[in-house]
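There are structures below to look over.
Here come two complexes built around chain A, the first alongside chain B, the second alongside chain C.
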Partner chain A sequence: MGLLSDPNRRRALISLLTRLNAPICVVCYMAGVAWFMGLAFEPFTLRTYMSENAMGSTMVEERFPAGERALATGREFSAHKKKVGGMPVDWLVKTMQARGLEVFTQRFSRTLPFPDENKERYLVKGTNVYGILRAPRAPRTEALVLSAPCTPGDNNNQAVGLLLGLAQYFRNQVYWAKDIIFLVNEHDLIGMQAWLEGYHHTNTTGMDWSPLQGRGGSIQAALSLELSSDVITSLDLVLEGLNGQLPNLDLANLFYAFCQKIGVLCTIQGKLQRNDWDSVSGYSHSVQTMMLMVMKQASGRPWGDHGLFLRYHIEAATIKGINSFRQYKSDTTTIGRLLEGMYRKLNNLLERLHQSYFFYLMPSLSHFVSIGYYMPVIDYILLLICALDLWVQLATPPPRTEDGVADTEQMSSPGVLSVLTPLVISHLTGVEVAVEHFPVSETEAVVLTAIAIYTAGLALPHNTHRLLSGEGTEQGWKVLKLVAVLYLAVLLGCTALINFSLGFILALTLVPVAAFVTPHVPKILSAFILVILSPACTLLFSVFFFQELQEMPVSFIDGWMLFLSVISQGILDHSLYGSLVYPLIALLVYPCWLLFWNILFWK
Partner chain B sequence: MAAPLTLLLIVAVTIRAALYRSSLADLISERVEVVSPLTAWKRVVEGLALLDLGVSPYSGDVFHETPLIIYFFHFLVDYAEITFMLADVITAVALYMTVKDYNKQVFRKQKYALEADRYPLDCLELIRSPKEMYYIPLKVAMFYLLNPFTILSCVAKSTCGLNNAVIALFILSTIKGNVLLSAVFLSLATYQSIYPLTLCAAALLYLMQRQYIPVNYRRASFWWFIAQYAFMYLGSLFVIVCLSFFLLGSWDYLPSVYGFILSVPDLTPNIGLFWYFFAEMFEHFRLFFLCVFQINVFFYTIPLSIKLKEHPVFLIFMQLAVISIFKSYPTVGDIALYLAFLPVWSHLHRFLRNIFLVSCVLLACSALFPVLWHLWIYAGSANSNFYYAITLLFNVAQILLVSDYFYAFLRREHHLTYGLYLKRKDGSEATLVLK
Partner chain C sequence: MKVHISATGIHMEADTSTPETAVPSSVPQPKDDFQEELVIRPLHSGDIYASFQFRTLWETDFMRGNKVSHYRLFPKSLGQVISKFSVRELHISFTQGYWRTMQWGQPFLPSPPGAELWVWFQDSVTDVDGTWKELTNVLSGIFCASLNFIDSTNTVQPSASFKPLGIGNVTDHSFLRYATLPREIVCTENLTPWKKLLPCGSKAGLAVLLKSEKLFHSSFHSQAVHIRPVCQDWQCKTTSWELRQTLNVVFDLHTPGQGKREWSLFKMFSRTLTEACPLASSSKIYIDITDNPQGEQFEVSPATPLLSQAMVLGDRRTFSVYDLTQQITFGTVRSLNLLIRWKSRDMLRPLLHGERYVAGYGLQTGEIHTLMYNNHPYRSFPVLLLDSVPWYLRLYIHTLTVASKGKDNKPSYIHYQPSKDRVRPHLLEMLVQLPPNSVTEVTVQFERALLKWTEYTPDPNHGFYVGSSVISSLVPSIVAMDTNSTREQPLFSSFFPCKEESSYFVRVYTEPLLVNLPTPDFSMPYNVICLTCTVVAVGYGSLYNLLTRSFQIDEPSPGLAKRIANIIRKMRGVPPL
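So, the complex of A and B:
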């Protein structure tokens, strides 16, 4: 405490901070960005390793033989699906029963707040079918889930076929210590949501579903399977779940270990792993992989059917079969063996997966960056502290002859009101944007209303200013900026804890705004910069950047359409699954940004 | 001054009533930061249900409030929301009147000292003017009523609000110089949650100061006054305890309330320091550390009362802070009570050193509590260490805040005796260093 209690040293420290405020800010920002870019560099990352002892060595013999039969079942499923024109419930029930499972169905219906144009649905009605394989060797207090979505069209028939094949094969094995639930869900995430809510007796989103008739034990882990071709070249692992939540890293490790063992190519974010980390292209490859993960995580939406399991403490991932033009192909038997191996390993679990990391980024499937390594990136919130010190100094005028013993009377208090008014108004605008029940029911209309209110918010400073009784003083904007900067720091800190990627992307754009904005900078130019760095524009750039990373660049018009659909998806995700990103942006981030906008136009 | 106060009360009640009607109320009443096992409304309801069934409310090991509270709510359970709002209003008005009275005394004392030329000449800028003191009582009421912590606590129907009201009434009657009422309310506060016992030192000092009894243990009048106060205090405590016994018909409540407070069997996370420590500890050290932790709350009374002999009201503030930091089941409602006193010490602002840092930390911690709780309990991706880290930081910030005020208070007193611009022996400017 010597540094803080000795007045002389304190003064020296504070004057140092004030004098070097700008350079410190810039250095912090640069250091944060540089650190982030460094995370993808392989020598700086850790190799993945299995932490869970129960799944330690790969001593499982996979014997699944029936790949061809699974494909045949898949074709049968496809035929029935075509015949019924949706989910062939009766056929599925019969087939599952024939394989010796306890079969149950669950009906659900949901009306979306406005039509979903991407998936062309509004009134959603469907049925989930699931069969439970009771554990022969244990008291049935725990369960594992294998799910395959039933999607319209020709997709995913092989996944259902393989699921049924595995069910038949698993039924004949005696070593299961956990119930295994085979679930075929309709309407992807909506069905999954209904099933999970039914299973856990919760209703968080106001969906209608019939209660589940049969239950297994508490679910320990889940895999969701997506497979649309008879042979595949590689398997892709999808981890990002709702609100950017990730499953325990051991699940990814398990998948990687089995891919290595069985000899299947495996990817993450659709990117193969490369060995040439020391070359520029190798490095940029892993940066791209990591950036894709960051973008997906920041979006806060579930990127596969597994995404909703995470909310219930269930470690889950989606495995996607990819068929590209590569020579080397794996057949369904191989995938079946891989899944068998994974389930047998999961079957050995003594407690939930908890040994390994929950907070990580993956520049490749074999390397990861843990929270301890990536959190320093957020160090540029520290810059705010620097900025704050400056404001404190400005708030208490310089004549500090003796440590604290100086006249502070002259500091006219700027009045709570002058700060409160912009704060309240900004938040009201945020609430306007966030209100879900716009009096319109068309997708475009909803999105455009949101954008319109958002833009209208920009006209605020003048209104705010008239509301203020007196002139906006010099002190006034400093206090407002102090409040705004503090607000931003707390907000970004909390966001980064819950969803690092979102926090990072927001910090990347908002921190410079926070640092440079004063009423005395050139108005037009800085207004332009401020708009460029506003949350909506950040989203727009992110859309283009994401397309670029996926090697599917789009034209501006397409990008704009994509941007609109992303907004509508965000609103839908919020009302359907309770994703937090849209309300976060609308209720907190946008008002915070408006405060800076307000400061710029302070008179 | 009545008009602004009324306006303030109306605003405060409106906010609370609106929150009671919103969906947030359920959420808030589940937060561990806001309710503790002692004060949770859910547990009071459970106790009431047991009472209605003719079972001792303490038989289920859920309810830990005192018998008086449960009989109080036995009649008022339908008006619980109004009761809690009323409790907040009473606290605020009591604090308002207290501070108004206290400020008058401070001003009078200052006038006498000025007339007697007791202050050094260069200290004139430290003298407090009536103008700046005029709004302090209102600010105190505002700090209490509009503090988010108080609002949360009230909306969660945490019985902490009632305890605060009792303590506020105790402070009011002490400041007004009513010895009997002071003793009665103190015994009531002690009955509610043991810890306010430490406030008796401050009350005694204040009352003696007011009656011009010298604090000198060789004088009979000193001991006579202490005996009087102790008699009234113990007498009313005895009455209350016996009343509880007759109401309940058994002594069940003693282990269930006081045993529960002192032996800390419930390790539900809260904003205090106990839960993590005792959850991690080996069982055979438990008793020892329990004693250490509990003595910690009471121990500071002695040095503080010696140091602040002349300033009992500041001592009350310090004690309240110490209690709310070190008690076994603290909630944000306890913090709100001592935070309400901060405007009274606004004249110390120039001597505060870390106030900005500390308030930033307190602010950030308050935001991080729910976030880390979410990550730990709902997302399952963080663990208890994350949450405890924030608890620790929060308490360190509180301790820094209190010690900062303590330092500033002592420093001002020092300057009032020795002059504002201190010189070294060689004539150069001196600075005060706390080491």
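So, the complex of A and C:
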């Protein structure tokens, strides 16, 4: 600090900073990216370990015997589903009652703002059926949830069968300390949202549902089961929830521990774990796994029915059965035993899961990167140094004239106006993109309207200048850029705190823009680069990149269609489940980018 | 008088020194009486409900100046408690599990999960709070329970919900104290001292069935002690003290598959009965066969010719009676093992039931919803709702709404006592009219308080408990009730005094709530302390320095030669160096 309190040395330091500003920015950016890539390198990451004592050393035995019967129940369910042409509510109620559960139903309906083309639905009406296994001598204060979605077609019958099989088996056990709720939800996420809102009696999204009749107190943990084949080769764990929230890492540890114990292959992001971390392919494998997690988390949408539980501080994950062409197969009894073991351990919980991490990335199921390791990435990338340079440039006193005071006032007043106007206008454009009630009701129309408004925003500099009285000064754009850079830094910093992946992806593309843009660079080329690095194009690239990572590359046309559907899904997620990514992009990120666009065309 | 609390109970020094003058030496006629009773009721859900009642009546006066020191059937430890703390009425219950009203109907004696204690003191007590504090500590020793955790933060004085059940027309609720401990775990260590209060212990009579390994292998377990003064005869010329010990247990009858289901005394309690308690004047087993007039639902063996009808919970019910004082009951094998075989079952809805839950998400605010169901097809009736909420849930009482069938339902009486942080809980009592066939929803919003770090329990992430709400009501009865309380009738039907013929008293407890409060990460303080200290020490001081001082380039003072040169130059009229 002595360095800073000595004015001479301070001046020297500042001049060094301003002189080396560009290289320092580049080095920091590179360091950030390199650090991020390093996170996937196994020696740099930590092995997962069980933090919760109540689940760690306690021994449980798995004895679930009735896999075959569960499959038979699943087939019966499928037959009834086909007969009814939807959810066989009566059959489910009867079956659950026969298994000794208290059974309740919930009806719900929801009108979508515009038709969902992917799932072909507009007015959604359905019924959730759930049965509560009351724990003996428990005062109804705590509960666990096991859910299976009732999907149309031939999918997921085995999951419902296994759920009912487990219910029957669990009912005859004496050791339960928490009520267990077996839930079959219709219309996957919408049904789940209705059930959760009903259970907690909130209404965040304007859905109609009938109130729940039976409850089990505060839900401690939940698992959602997706199983569409009689035998499986591996189980996939899905963690990413709404707005990039993740369940406590102990839930993932629990799953991993039981897969190891029972001998089921387990994957995360559909990727098996590899042991050859020191080879290039092994490293790229874990980079791919981690990047998939980053992309999924950044999307902010729930990647399974569990995703909606996280808002209510209920630790939840989805377990998907995958049947590929591998030799090694596991039958339903094995999965049943795995679930039984997990529920028995969750049943032993004395407190909510809280010991382990809530913010993490997983390059493989056995390794994780905690928030302390990944947060430096965003710190490196953020361009406070660039802002410092601008601040210094602005703060250097202009050559002193006779009436110095009047001169500075003259200089600053157009500055404020010229900064405020683009700020306001770009945000207004953002609001326009974000407004949900487009005057159209077709999916394509909605998406195209959004894109049109987005593109129209590019004409902004001209509009701004028409509003401004005088010429933009040199000082003016610098003030504007300073504001824009600080704005971007705060925005990305806050985003990264809540949803690291989203913050990281946005920072990766927006920071170079923010760093290089001035009115003095070649216009056409810079404009091209700026557009390429705009939020919409980032999304487009992400779509292709995601497909590439999933080993399902798409052609440009398909990618474009996918891009459009991603936008419509984003808008739908926002209105159906309260996802925040779309409003964040439309209201904050895009206007921020427009500010830089404005600087480029500063006159 | 000094009280010692030990594992076995209490001893009072003063008693040992008192000369035994109170014992009437001339007439050894016993003025006390002991009855025992077991009711078995097959429930509609297919479970089986067994309710034990042991009643000791004693015509004595604990409140006189002279000490009562000769105890025969009445347990001495409780007698001393009554006289020392001037107790008028004492009701204590320990419950493990929640009574499922929707599946099981109404219990004979309701109780909330955990421990519940309510006491009416004599109006001679001056320091009620002090006496209450001492009493809870003494009871804690007697029942081997954590009743010593009852303090001012969970004690309330209900104004209407808990009226005295014995004789005496007390209306001043300043002599009433009510507290619940929803977290109390009930187990064998509470059962053993409870059994010791019985005249025969667990050696003879019905109490031989009370084996903890079976009683705690059930869906519901509740044990209670009720002490109150009652009338000896219908004119109420003399009063006597009544001690009722009750134990209710529900056994889970669910068996996989639809095979033959049967249940016997031996299967339930792993014992059979061989004799009545020799000290008991009456010892009976009742089996509820109301739903089974022709024996189509279940059959009971051995069959008994004795039938009894009783009015209980607004319904006329028929019971098979087994009198254990008759030798013939035990048959040739000298042991009674009742057997019930099921055939079918159906479901009946209770007229009144309640449920409660916390709505909302996040750790800042929430909403308590209490639902009260009136399932009567055409009669509306008033209920008294009592809510005692700990201070760390700060109720926003202006958000209190009561609605039935979507319409506002204004309570005719509201008694609200706001909480004081760390001193006393919220108390909310109100009288609400429940329309027929309706659900009445009471909602109130609350804010979760941030506790001081020493106030958190060792397991703060488990959550904090809020005790059950109590819904008390006179429910319209299907049959006319018998209000003559002195007539010979089964014990289980005679607990709540009944003043009206057309209705009966019901108390329903809702489930307790488990609420999460904002909890700091307790593993972090060390890190946080280290980090903040470093930041403050290194960073803050210097940064503050930098920010508040203005820096100027300090011109070094010119040397002596230069100064002289400047003076000379000034005199010459040339600008200085």
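A few notes on this one:
We take it that the second predicted complex is superposed on the first by the 570 of 603 C-alpha atoms of A that agree within 3 Å, B and C clash if a C-alpha of one lies under 4 Å from a C-alpha of the other, contacts with A are read in each partner's own complex, and residues count from 1 in each chain.
As a working rule, contacts are C-beta pairs under 8 Å (C-beta built on N, C-alpha and C of every residue); 3 or more make two chains touch, one makes a residue touch a chain.
Everything numeric here is computed off the predicted structure, so don't read it as measured data.
Contacts of A:E102 after superposition: chain C is touched, whereas chain B is not reached.
By the touch criterion stated above, A:S286 is placed in contact with neither chain B nor chain C. By the touch criterion defined above, A:G493 lies against chain B but remains apart from chain C after alignment on the C-alpha atoms of chain A. Once chain A of one complex is fitted onto chain A of the other, the partner contacts of A:F358 are limited to chain B, with no touch recorded for chain C. In the superposed model, A:H201 makes contact with chain C only, not with chain B.
When the shared chain is aligned, chain B comes close enough to touch A:Q245, but chain C does not. Of the two partner chains placed around the shared chain by superposition, chain C is the only one that A:R140 touches, whereas chain B remains out of contact.
Of the two partner chains, chain C is the only one touched by A:Q168; chain B is not. Overlap of the chain B and chain C interfaces on chain A comprises residues 4-5, 7-8, 10, 311, 313, 354. Interface residues of chain B, counted against chain A in their complex, comprise 125, 349-354, 356, 360, 363-364, 367-368, 371-372, 374-375, 378-382, 415, 420-421, 429, 431-435.
Residues of chain A touching chain B in their complex: 4-8, 10, 245-246, 310-311, 313, 354, 358-359, 385, 388, 392, 402-409, 486, 489-490, 493-494, 497-498.
Residues of chain C that touch chain A in their complex: 96-98, 100, 102-103, 113-114, 182, 216-221, 252, 254, 256, 355, 357-363, 367, 369, 459-463, 465, 511-516, 519, 521, 542-543, 545-546, 549, 551-553.
Against chain C, the residues of chain A that register as touching in their complex are 1, 4-5, 7-8, 10, 100, 102, 134, 136-142, 168, 171-172, 174, 200-202, 215, 217-218, 311-313, 350-352, 354.
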